[in-house]
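Letters are used for the chains, namely A, B, C and D, taken in the order the chains are written, and counting of residues starts over at 1 for each.
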C-alpha cells in the first residue's frame, strides 16, 4: 500500500490500466465539451535521425528509404504493369522512447515490483512485456492542464537540475486560476523543450523537472498523466542523486499507474496563454512495448 | 489536371496537405459535436512479430527487449543508487506500413509524378521523403462513415479479388441512410479483417477492396481519407491486373491528395450498427516517412 | 569438474578462449602445411532475406538498400563535385546466428553457469556479453576433418531426428582412414544442408545431428570445434526431448569451451572425396555478440 | 577503356570478380608458403556501439541483447526441459561499412557506370545489388605488403588531408626493400588508426590517405586490394575537393575492380617491422551487400 490514491488496492491486483480507469464515457463527453473554437495544437516533436536520447539505454533512431518508386516501377513493369505505380517505403529502427512518447506502466520497476503487483522476473520477456505493454493503454481523451513554470527563476526556461516542487506547481496553477481534477493530463512547461534538436547534448545532459514530492502531490490529485517538455518529466540529476535515481518514474508508473509523457511540445500553448484544453493521445499498439511515440494534441 | 476535385490546381502546386486542407476549425467543432455517449472504439490492430505484410516491399516487423530492469538496477547500483529503479526498453525494426496505418501522400508515384506536382526523382532521398512525408499530415478530427459491404455476396465477408464498386458503396450508404460529406473519413468494412493474424497468408495473398471507379467516386465526394479492413484499401488483384497495378493508390494519393488508411478494425462498429461517428487519427511525425502506424478511434 | 578434457580447470577460471588455446604457432604452421594444390572450398551459405532461423529466438534477417548511388551523386553535386561518385550502402538487421556462423562460448548457459566459471546473471548485459562474446575468439587456422555420415541410412541424407552417435562417427572416420587429432575442426556432413533455402520449413523443423554421447566423444578427442551442415550441430528433437534440450550446446560451449559452427556447406567436400584439409575461420569482432556469421574455408 | 591494367576489357564485360581473378591455386600455394613462424596478426578493429562512421550515409551500429539465458530457461522449462539450457542472442543493426571491412566492387559508381560495364540504374535494387554484391568476392589468400608512411612528416602519424603520393609509397617500399607483385594486398599504415574509438570525431572528420595518382600507380602494379588504417583509404578531403570527391573509390572499384579494405589495424605489424606476409580475408556472403565486416589476418 502506498500513500497514493492510485495504489494497487484501488483497481485490484492485476490491473493493467492504472489511472486510465478514470476515463469513463462521461469523462470523454465532458472533455470534448471543452472544445469551443476547434483550434488544434500539435504537441509533438519531429522524430528524425539524431533525435535526443538518454544513453546508454536509449539507442539511436535510424530511418532509411527501403523500397523506392523507381525500383517498384521496374518490378511492376516486369510483371506487365503499364501504369508505373512507384511505391516508396522505409525501414525504421527505434526505441519507443524517441520523440514525444508515452511510457507504458511496465516501463519501470521498483526492484522486482511492477505495477499491479506483478514481478519483473515474470513480466519481462525477450520480445517485450507480457502484461504491462503499451497495448493496454487505451485512447486518452481528457482535460489537459498546462502549468507554466518556465519563468520561475526569472528567465525563459529553468536550468538543468532545477527541481519543480509542489509549491511551484500550486502557485502556477493559482496564477492561471486552474484547479486540477481527477483524470487530468498535466502538461508542465519548463521551457527546456527549446533545446530539443537545437542542442541535444544540453537537452539530455540534465533537465529541470518535478521532484518526488511534487509528483506525489500530482498523483494525489488523481491525475491521468504527467507530461513535460523534457526527456524524463522528473528533474535530472534528481534531488537525492545518486542515492535515488528516477524516483518519479517509480512512483508514477509502478506505485500509482499514472502515465508519463515525455518530450511534449508546450511552447505554443504557453505563448497563446492556454491553461486548460481538451487533450487527446492515441498510443500505437506495439505489443509488449514499454511505450509509444505519439502525436498528442490540445484542442480549444 | 485530373478528373478529381482534389487536383493540384485546387490547393496549388507544392501543397503538402491534400484533402487535409478541408480540416478547418469549424470542421473540427462540428465533428466533435457528433459525440453524444462518449463511447470510444479503438479501430487499430495489434502490432506484433509476424504481422502481415505485402512482400517483398514490406519487410518484417521485429521487436526485442533491449534494456531490462535487472540490468538497469545493476547499473544504477554501481552508480550509488539505492532505490533499485529498473527500466525496460525495447528495440523495434519496422516499416511504417505495419498494423493499422495511414499512408503519407508521398507513399506512391505515377511514374515520376508525385502529389502536388513534385518529382519522385527529387523527392525520394536516402533517409526518407523530402517534402511529402507523414510529418506533414496534420491531426485528423473529422466525421467517420462506416460503409458495410461485407454481406454483398451473402456471406460474412467478401472474397479476395472482389471489387467493391461505386454502386455497392452507394447502395450500402443508402441502406444506412448516410450521405457522404466533404472531409469524411470513409471506413469500408469488407469483413476481410478477420484474417489479420488468424490467417496471414490468406490475408495478404489478395483482398476485396474498392476498384478505381469507386475510388474516383469517393474522391469526387471530397472525402479526407479512404480506410478499409484490408492491407491496401483497393481490390487485389486489381480488376485490370497486371496491366494496372495499385491504381487506387495512384489516384487517391498522387492525383487527389486523399489519404489511405489500412488494416482498419471495423468489426465492432458494424456489430453495433454504427454508421457515422467522430473519427480521430493522430499520425506520429516520423520525418520523411511514407506513413505512420496509428490508433485511429471512432467516438459516438 | 566435468568428464571433459576441456574442463575449467584446464585453462583456469576466467579463461575466454576455450579450445582455441590449442591454436599455437606450431599448430598454425602444421595446419597450413596441409595445403598442396591451393584449391579453396568456400564452406558458407549465402545470407539473404528469408534465411532459415529457429523461432522464436532467432528473428528474421533483413537487408535494405540504404544510400543509393543516384542520391549520393546529387548530394555531392550540391557540394560542388563534378565526378559523379555514387555510393551504394545498405542497412542490415540480423542475429549473428544467421547463415553459416560460429557460436561464441557465451552463447549458452547451464542454469546460471557459463564457460570459465562465469555466472549468466553477471555476464549477460543489455548490449551483449561482458566477457564471453565472439570478440574473444581468435583467428582459427587448423586441420579440418570432414566426416560423411549422410549415407548411414542408405539415402543421400539423414532424416530429422536421426541421432548421429559415436559409433557412426568412428566408423565413418575409419572408412575415410582419418584419425582425429587435438585442435581439429570436425565438419560433419549429414546431407541436411540441401534443404537450406530450398525448403526452410523442413530445414528448421528438426534435423539429424550428433547426440550427447557423440559430442562427449568428440570433445574427448580435444577438438577445436564441431561443425555441421544443419542449424544446431546436435540432433533435433534431441534423443531425450523434451527433458534434455540442447544438451550438446551446453556440453560443448559451457563445459568444454569447444566451438560450434552451424549451417556449414560440406556438399562439395564430400563430392570431391576430401576428408582432411586446412580449415580457416575468421570471426568478425562484434563486441559482446554471441557469435558471428563467417565464411569458413577448406584448402587442399 | 581506362589507363588501368584491370580494365573491363581484361576480364570481359560482366565480370564480377575484378582483381580477384588473380587468385589462382598457384597463387594460394605461394602465398601460404610465406608463413614460417605461424604467428597470426589480427588486423581488425572491434565493432561496437559508437563505432566511427561517415555521416550521413553510414548510419549507426546498434547491438542489443535479444533473447537471454534467463528467459530461455523459463521457456524450455515450460516445455518440460530439466537441463536449464539458457541461450543468449542479440540483434544487430548495421551498415556493412562498420569496423574493419572490405568494399564490394558495386559499392561505388561513376555516374551510372559500375564495374564490369554495368549500369547503376539496373544494378541497385531495393534489397541490395543484383550482380556486384560482396557475395561474389571470393576467399582472399594472397601476399600482404605493409607500407609504413606514418613517419613521413616526422611524427607518429600523418595529419588529416595529407595526401600520400606515389613517390611516398615507392620510397617506403624501397626503404623496406619490398617490391609489389600482382595480386598483393597493399596495407598502408598512416598511423591514423590510433584515433579509432579514441577520438572518433577526429577520425572521421578527415584523414591522411592515398591520392588518385598513387591509387593509379597501385592498380598499375596489378594489386588485389588497397587497405588502410583509416575510413576510406583515400585522403580526405581529397586533393581536388570538392571538385573531385572519392576519386580513388571510383578508380579502384569501378574502373579497375581492385578492392578497398578500410579501418585496417596495422599498428602491430609496423611495431614488429613486418613488411610482407601471408594475408587472408574471408568476406561474409551477405547477398547483395556493398561490403562485409571482416577479420583479416596477417601470418608470418
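Just so it is clear, contacts are C-beta pairs under 8 Å (C-beta built on N, C-alpha and C of every residue); 3 or more make two chains touch, one makes a residue touch a chain.
No experiment lies behind these values; they were computed from the predicted model shown.
A.B. asks: Out of curiosity, which chains are bumping into both subunit C and subunit D?
C.D. replies: Where subunit C and subunit D share a partner, that partner set is A, B.
A.B. asks: Since subunit A and subunit B are copies that touch, just let me know if over half of their interface numbering is common to both, same, or not, different.
C.D. replies: Same, since over half the interface numbering is common to both chains.
A.B. asks: Starting from the mean Cα coordinates of subunit A and subunit C, work out the distance between those two points in Å.
C.D. replies: For subunit A versus subunit C, the centre distance works out to 44 Å.
A.B. asks: Taking each chain's centre as its mean C-alpha position, how far apart are subunit A and subunit B in Å?
C.D. replies: Here subunit A and subunit B have centroids separated by 24 Å.
A.B. asks: Touching at least two other chains at once: which residues of subunit A meet that condition?
C.D. replies: Residue numbers touching two or more other chains: 49, 56-57, 59, 62, 64-68, 70, 72, 91, 93, 121, 124-127.
A.B. asks: Mind pulling up the subunit D residues that touch subunit A in the complex?
C.D. replies: Listed in rising order, the residues are 49, 56, 59-60, 62, 64, 66-68, 70-72, 93, 121, 124-126.
A.B. asks: So in the complex, which bits of subunit A are touching subunit B?
C.D. replies: 24-29, 32, 35-40, 42, 44-49, 56-59, 63-70, 72-73, 76, 79-97, 99, 106-112, 120-121, 124-129, 135, 138-139, 141, 242-247, 249-250, 280-290, 293-297, 299
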